[in-house]
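To keep things simple, chains are lettered A, B, C and D as they appear, and every chain counts its residues starting from 1.
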Amino acid sequence: MCPWISLLLQGILERLSAGEVVIGDGGFVFALEKRGYVKAGPWTPEATVTHPEAGAQIVGVNCHFDPMTCVKAVKMMKEGVEKAGLKAHYMVQPLAYHTPDCNCQGFIDLPEFPFGLEPRILTRWDMHKYAREAYKAGIRFIGGCCGFEPYHIRAVAEELASERGIIPPGSEKHGMWGSGLEMHTKPWVRARARRDYWEQLMPASGRPKCPSLSTPEGWGVTKGHADLLQHKEATSTQEMKHVLEMQKKVKTSA
Amino acid sequence: MCPWISLLLQGILERLSAGEVVIGDGGFVFALEKRGYVKAGPWTPEATVTHPEAGAQIVGVNCHFDPMTCVKAVKMMKEGVEKAGLKAHYMVQPLAYHTPDCNCQGFIDLPEFPFGLEPRILTRWDMHKYAREAYKAGIRFIGGCCGFEPYHIRAVAEELASERGIIPPGSEKHGMWGSGLEMHTKPWVRARARRDYWEQLMPASGRPKCPSLSTPEGWGVTKGHADLLQHKEATSTQEMKHVLEMQKKVKTSA
Amino acid sequence: MCPWISLLLQGILERLSAGEVVIGDGGFVFALEKRGYVKAGPWTPEATVTHPEAGAQIVGVNCHFDPMTCVKAVKMMKEGVEKAGLKAHYMVQPLAYHTPDCNCQGFIDLPEFPFGLEPRILTRWDMHKYAREAYKAGIRFIGGCCGFEPYHIRAVAEELASERGIIPPGSEKHGMWGSGLEMHTKPWVRARARRDYWEQLMPASGRPKCPSLSTPEGWGVTKGHADLLQHKEATSTQEMKHVLEMQKKVKTSA
Amino acid sequence: MCPWISLLLQGILERLSAGEVVIGDGGFVFALEKRGYVKAGPWTPEATVTHPEAGAQIVGVNCHFDPMTCVKAVKMMKEGVEKAGLKAHYMVQPLAYHTPDCNCQGFIDLPEFPFGLEPRILTRWDMHKYAREAYKAGIRFIGGCCGFEPYHIRAVAEELASERGIIPPGSEKHGMWGSGLEMHTKPWVRARARRDYWEQLMPASGRPKCPSLSTPEGWGVTKGHADLLQHKEATSTQEMKHVLEMQKKVKTSA
């Protein structure tokens, strides 16, 4: 394990128990899993609620869904844990993409995955909302997975600056809530140098010929089916033809 | 001037005259301007068409508008130059944001500027289209300004790989047109490992409560007006009140 | 009761029992309720599933939600009835508006209710899909409520023409699936004279500055609360001020 | 000519000259054309501006575009007429559909024409704006074409009630600006009983999987081309195949 991860993970349980709010990023959860703090698997939320006695010390979800969906999932997990009279620390590491149109299998089934996700990227203001919501839900390990960039993590850290007693170092590079715009020559841009402007903004996509939501794919095929086996070699022309035919069939019968 | 810029600019005219396709990035144009290759100014397109005899050797636009709008502007400039019986090299360095709703003053007037532009970010496939369109228009200095990230420039370079005789080094990290997905376990993701899938994709924003287009601001105030003077100090509470009142007045009378 | 309603209702149970597919309209359900065929109430779906032994002979829902939501609700009711080993006829009379963004209280809480619902109006092709889905769900009394216009009901009747053995009289005025366009002078309009064109069309709103979905209102106030009492007189200026203040408070705390 | 049209047209010029604001509907313009008041033709706006001396007494446009586009066109015509030192009365009879995505040939080329236009239907509040804008532009014959329904015309008449000195008879059936909602049981619906609520509403489409704008068709084929000849008989299977192949070819080359 690389040294900085060790450093970060040193005493993670002690830090969370002491009431610290830890902000992580996507690679992190894999490290946590390797050290045995969390157990990966496709059915984490269900498992937690059904078998809370399994006894994880840190409970949470990672990847596949957007921040608000993930926070909601952790809330349900927390309810299950508490109903069983148990205690745990909670973590969340969502995507940095809006995915309200996902079905239960997450963003991989969205037609935009993985090379057309740009219009779904969260703004820093979306991140402020996410950090607040996660904190209010009792989550103290608040991180990010696919799509997160440094300024996203900075926004999370800025939202929780007073709770954590730390203004993140990157904040020196800009003014909070757009205050750097106070010096702009155009008065209507100066008028954006305030918190409620950015909190209320409903940002346009600039793509009037695109929809707001997509239909996730999924062919009624689940784990174990021959079509889902890992290939050793790349898809052949023959296979691609088969795949496209299946797709057409699924869409027609939908 | 920093050494690498000097290196890049060395013989820029010779390279363009020799038929090379040069791919640049946003900081570049400022460097070009400093060396006297291009002259900055708010009215470049109009100036070119009205005074083509001014004699710039490289003619183009930078920033403020999306790729397709900028290419269209350069086309108009080229027509003006050619109508005057002159010759020039052409360049374009647009935003990496879709801005079909801008008025003549560009993306600064959009309500999303500068901290809510995420849903407008171009995909790599949009960049392929832009590079092709710019090339077809006769532009040989093809670059990018605000919002461009390395993978955007890579997409431009990949689209023009055969014209330039160079596959960009960054291409080793992925397969062209999503071909890396050929190994994916889900067949419907494997079905995305092909060019026409990504060319035809209309990516959703994942934001059904946001609009597609915004109304640019602009208060009928233009250059020279007292309200547009550069401030030495940040906007005071008093000024902010004045600005918000003006805004309200403008919107009501609209 | 007006004579034509009597005529329509004559033997409704016999007709449904004989396997007839009856197509109704919105005023109809009120008449049915008055004759004691169905019992109105805010919790019909829940009641049916929880107390299927109540013994209604015709079970269904009316108004407040869009066709697909209503069909889904009736499916759930049918499951409840059948689980209890009972039998019933099923009916559905939805809105002619798309309302995927409604919460449990229906379209009244949508900000567009009742004078800005136009962009939500179903096309005739949406009606074909609704009629097919309702029929497949085992519903045999298939009607419409607020927003339905004659051409909507005609589309429902046309979709079920072979099942009912009747081509509705209004069909003489047009060709099925747009076939009347076969005579159009523009070839790209002639190309629309076919079923799959209209089945696959994703119609644009022409309103790029409007969102796709709204946030329904609802102030955490439910039946019985003083704020929900029926007024004898119109809202006074004083009350309106109170209402607007409540609204602001709810939105701020959201 | 049917008697009521005669009645309406009696003294139309006298009425307009006397300063009356006339509100018409779509069939009207055909009648006007038959009586020689206006001359139909595909290039009316251009003709008016290029040949204002042609001497029409009533100048305007009908159908094919949305209200705001039509008002803008009439404004340009008025400028042309006045520049030539002439005088005329002005009329406008637009669609009741939003069509910002039309090219120069109007709504026939939109993929939604003619059986999927529902999401584009104007609200009554859009009609208020249209009526005001037309009046401000100096237009005194203000009507409507395809898509107008009685409540649309009522909204036009209500907006201009004080200018015309007439409250339209249909207004008795409802309260102006939604005032009938003052009696509603839910306070958040009572809060909609006011003008600025409806003026500021941005109505959602309820169709998150549909785009806001479409790409109009048009195959580079114009008047006179063999493909645009009127057919005596319906499109044959053979012709349909030809048409669909042309369409595919046009889209691929776009």
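Things to note:
The criterion applied here is as follows: contacts are C-beta pairs under 8 Å (C-beta built on N, C-alpha and C of every residue); 3 or more make two chains touch, one makes a residue touch a chain.
Just so it is clear, the model here is predicted, and its values are computed rather than measured.
Under the touch definition stated at the top, chain A and chain B share these contacting partners: C, D.
Residues touching across the chain B and chain C pair largely coincide in numbering: over half of the numbers involved belong to both copies.
Of all chains, the one whose mean C-alpha position sits at the greatest distance from that of chain D is A.
Inter-chain centre distance (chain B to chain C, centres taken as mean C-alpha positions): 47 Å. Separation between the centroids of chain A and chain C, computed from CA atoms only, is 37 Å. Residue positions of chain B touching 2 or more other chains: 101, 202, 204, 208-214.
Residues 101, 208-215 of chain A touch chain D in their complex.
Residues 66, 97-101, 108-125, 178-179, 181-183, 185-194, 198, 201-214, 217-219, 221, 227-231, 234-235, 239-240, 243-244, 246-247 of chain A are the ones that touch chain B when the two sit in their complex.
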